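First chain A sits with chain B, and in the next complex the same chain sits with chain C.
Right after this comes the complex of A and B.
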């Protein structure tokens, strides 16, 4: 449903890539980001867009956890790479 | 001065009320004597100040208008017939009864914190109420000193019997007692019953209390009252436990499933959720019971400082372990234990940390001399764990260094503060997330996944030392992506997770997970943590669930995953469809509704060392602290 939604953190030069954040229901949100944009910015934008608490979601890139301080460049991300957004899990019994 | 006002003023100024009660007692005595001499009932206009305070006319009135064989709320119906003073008292009682009723309803649904607090207040009010009544009783007793000899024996201890007695219509000739019995029944709280109400010991004590206004004594009696109420609640919980045992039932159902009768997943999920509410209730009762018994020990037996007890963990309390409904025999055993000096528990340890543990023990023995301030409750906790530990012959202990780490990890503070960072899993452990290791909290994905990352690190270390088996650990989201999110098998979603460069990032020493012997997968089932093992040597999938459940679909997905992994990474066709899915019968089971995460982590930890799962519910408090210490230290010992 948000298939076409695009959010653009501010772009000022540098190579721009398209990233897809996909949640557990398969909904995708597309971001155009510079390769040295910190993920924190993407996370906050995503959390704001989906109205979720950023502390209740985790971002995984190929199974490894993304933290806010790294950038798509650090991770060697390419155009149209998918970031998985998963909800926190809790269990007792 | 009405009863409610009296109650209010009593709450406000206990000191001044003593003198006023003394005065009133004397006046009442005089009035009563006058009444006995003159008329059958005191003149309504004659003694306006005392009228509302005097129980004798009120109770007579109760008697004449109140139907005897009605339920707990019978007194409500009489309220519009009673004079205004009685009305007010009845209103107060009705309000309280309504509050208590509401509280009970709330309890039935869920014992949330607010309700508990409110209940505590209601209890306190009830305790005051009772005290007041007893004082009135004492006053009346002064006027009429005859007490039945049969009543001498009973004390307001055996709450359950008392309640039953109160529900029965009372035939006591003493009007006060029956009125009181009824009003207690109206409150829906345990009544001391006519016999107990006339207990001379209590009344003497209270008479002396009124005469001297001794503050300490009053407090003690109040405590006694609250304690008895607690005991009543526990007894009730025990009854509920005997009748229902929801926890056992759910466990039994799960075990039955493990034994070979898989029922639909949805059904088990639902029963689990239902069982949880009940379970938490039982747990609360159990906690309160333990707290009560601890208080009693603390008052009765000053324990010698235990030679083996740990240093205080700051805010950390070792979690109470909830078992089946407590039996009187157990309570007795606990009392005996508190009186006996402790003997040292049997220590069963895994071989590789034995040496360190021994050193730690020596260290701790030295500490004891300097740590006389060791808190009594900590000693008692230790005693309980020790005693229960002896039954299964396991007892583990943190080193002093670990204890310090735990104290730091679980201390109060800013929940956003980052306490630890694990590099290869790239997880920052905040204080808020760490707090899930406290007490009986449920574990979250952060703890599960940081621990998986640390187990990967340890696996690398073990390989350097030439120790096996070689392992890989997925994080808790792997299965979500592979199967659970869409409920369809989706290899593509996780295909890139095991690329050589990704594995390297996670500190996996092998280039492919197909090179390892064991792949360990934490499984999250909505509100339950379990652990799955892909044994690439034995060619089987094994499932470890501390509730004894089965997850065929998930395990079949894992089986297919291996085949696809061979196809994708090795370009090889390996038929895994015949690999057996195994549910071991001897998996340690959790006995509560909150430790599954700890169990799942310990399954992973033990499996990755290739050792037996030689732990039980009893070890969970230890493992919770150990996990906290490991996370703080940055690696699993």
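Right after this comes the complex of A and C.
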């Protein structure tokens, strides 16, 4: 590759990465997203695919919950990083 | 899909109206309320205690059901091995693919001092499988090998079929407070303070905490939104 530094796509803001959302049954859903796409949008799309309400969806990355208003760029995510999805749990008994 | 009303964006937890509605009446609590209260204890009430960690419902669930090979790397940023005390919100939902699963909350703690897991359960017997499973997985992340030490600790039994989440949260608060006073493990006395009345009052206490923060932090749809005139209609 003789691609010079000047012709490389601009990484900041606009780069597209592949993210994997995984549940505990091992099911993976892949998303191609821009690094400045808000997680809320990814959660909405994931909820649609899984046919569950988005309010029942929790995304975890590095052991912490992801805030819908943050972005893959904010989290320093890289191509093919895995997000764990946990669904709502309830209890009373 | 209906957009639900968002009430409070608090650190990593986004609370919807349907979540906070669970605090009114005698409804079961979900992991959202648990996460909010745990974040509040971690980041406000016991913010000065850097060596304790509150592990909310979602993360605990992931530790119980996730791929053990992934867990070590996943929780590395939390520096769990350096913590003196870790508190886990334990739920019995056996099926990770169903939303709204589970029927019981209990509290599992790990104290580094004696390398022991303790299970505080307001309905003894109900969460045994989930708690021992969680302890087993957590031991790989917290311990230094050897045999797992696990014991059930007496706390008052709930006298109804809906307040277990509050017993769990109340116990977590008491254990953290005891830790701040130098009491750990077997020295912590939970029982006498966890009366049915005190537990039930936690519903309005948590609701107040949420609404106070919603007034400051988020943009409620009605400017009059506060804990005393909570409009439960959408």
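The rule is simple: the second predicted complex is superposed on the first by the 79 of 93 C-alpha atoms of A that agree within 3 Å, B and C clash if a C-alpha of one lies under 4 Å from a C-alpha of the other, contacts with A are read in each partner's own complex, and residues count from 1 in each chain.
One rule holds in what follows: a contact is a pair of C-beta atoms (placed from the backbone, for glycine too) under 8 Å apart; a residue touches a chain by one contact, two chains touch by 3 or more.
What you see is a predicted model; the values in this text were computed from it and never measured.
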Just chain B (first), just chain C (second), both, or neither: which does A:24 touch?
both
Between chain C and chain B, which one touches more residues of chain A when both complexes sit on the common chain A?
C
Based on the superposed arrangement, let me know which partner A:65 touches: chain B (first), chain C (second), both, or neither?
both
Between chain B (first) and chain C (second), which, if any, makes contact with A:54: first, second, both or neither?
second
Which chain A residues come up in both lists, the one for chain B and the one for chain C?
24-26, 58, 60, 62-67, 84, 86, 88-93
Chain A-touching residues of chain B, taken from the complex the two chains share
272, 276, 279, 425-428, 436, 440-446, 448-449, 474-478, 480-481, 485-486, 493-494, 496-499, 502, 505-506, 524-529, 547, 590, 592-597
Quick one: which bits of chain A touch chain C in the complex? Just the residue numbers, please.
23-27, 44, 47-48, 52-58, 60, 62-69, 82, 84, 86-93
Show which residues of chain A lie in contact with chain B when the two form their complex.
24-26, 58, 60, 62-67, 84, 86, 88-93
Touching residues on chain C, where the partner in the complex is chain A
1, 4, 9, 11-14, 16, 18-19, 27-32, 35, 56-59, 61-62, 65-67, 70, 74-78, 91-93, 96-105, 123, 126, 158, 161-165
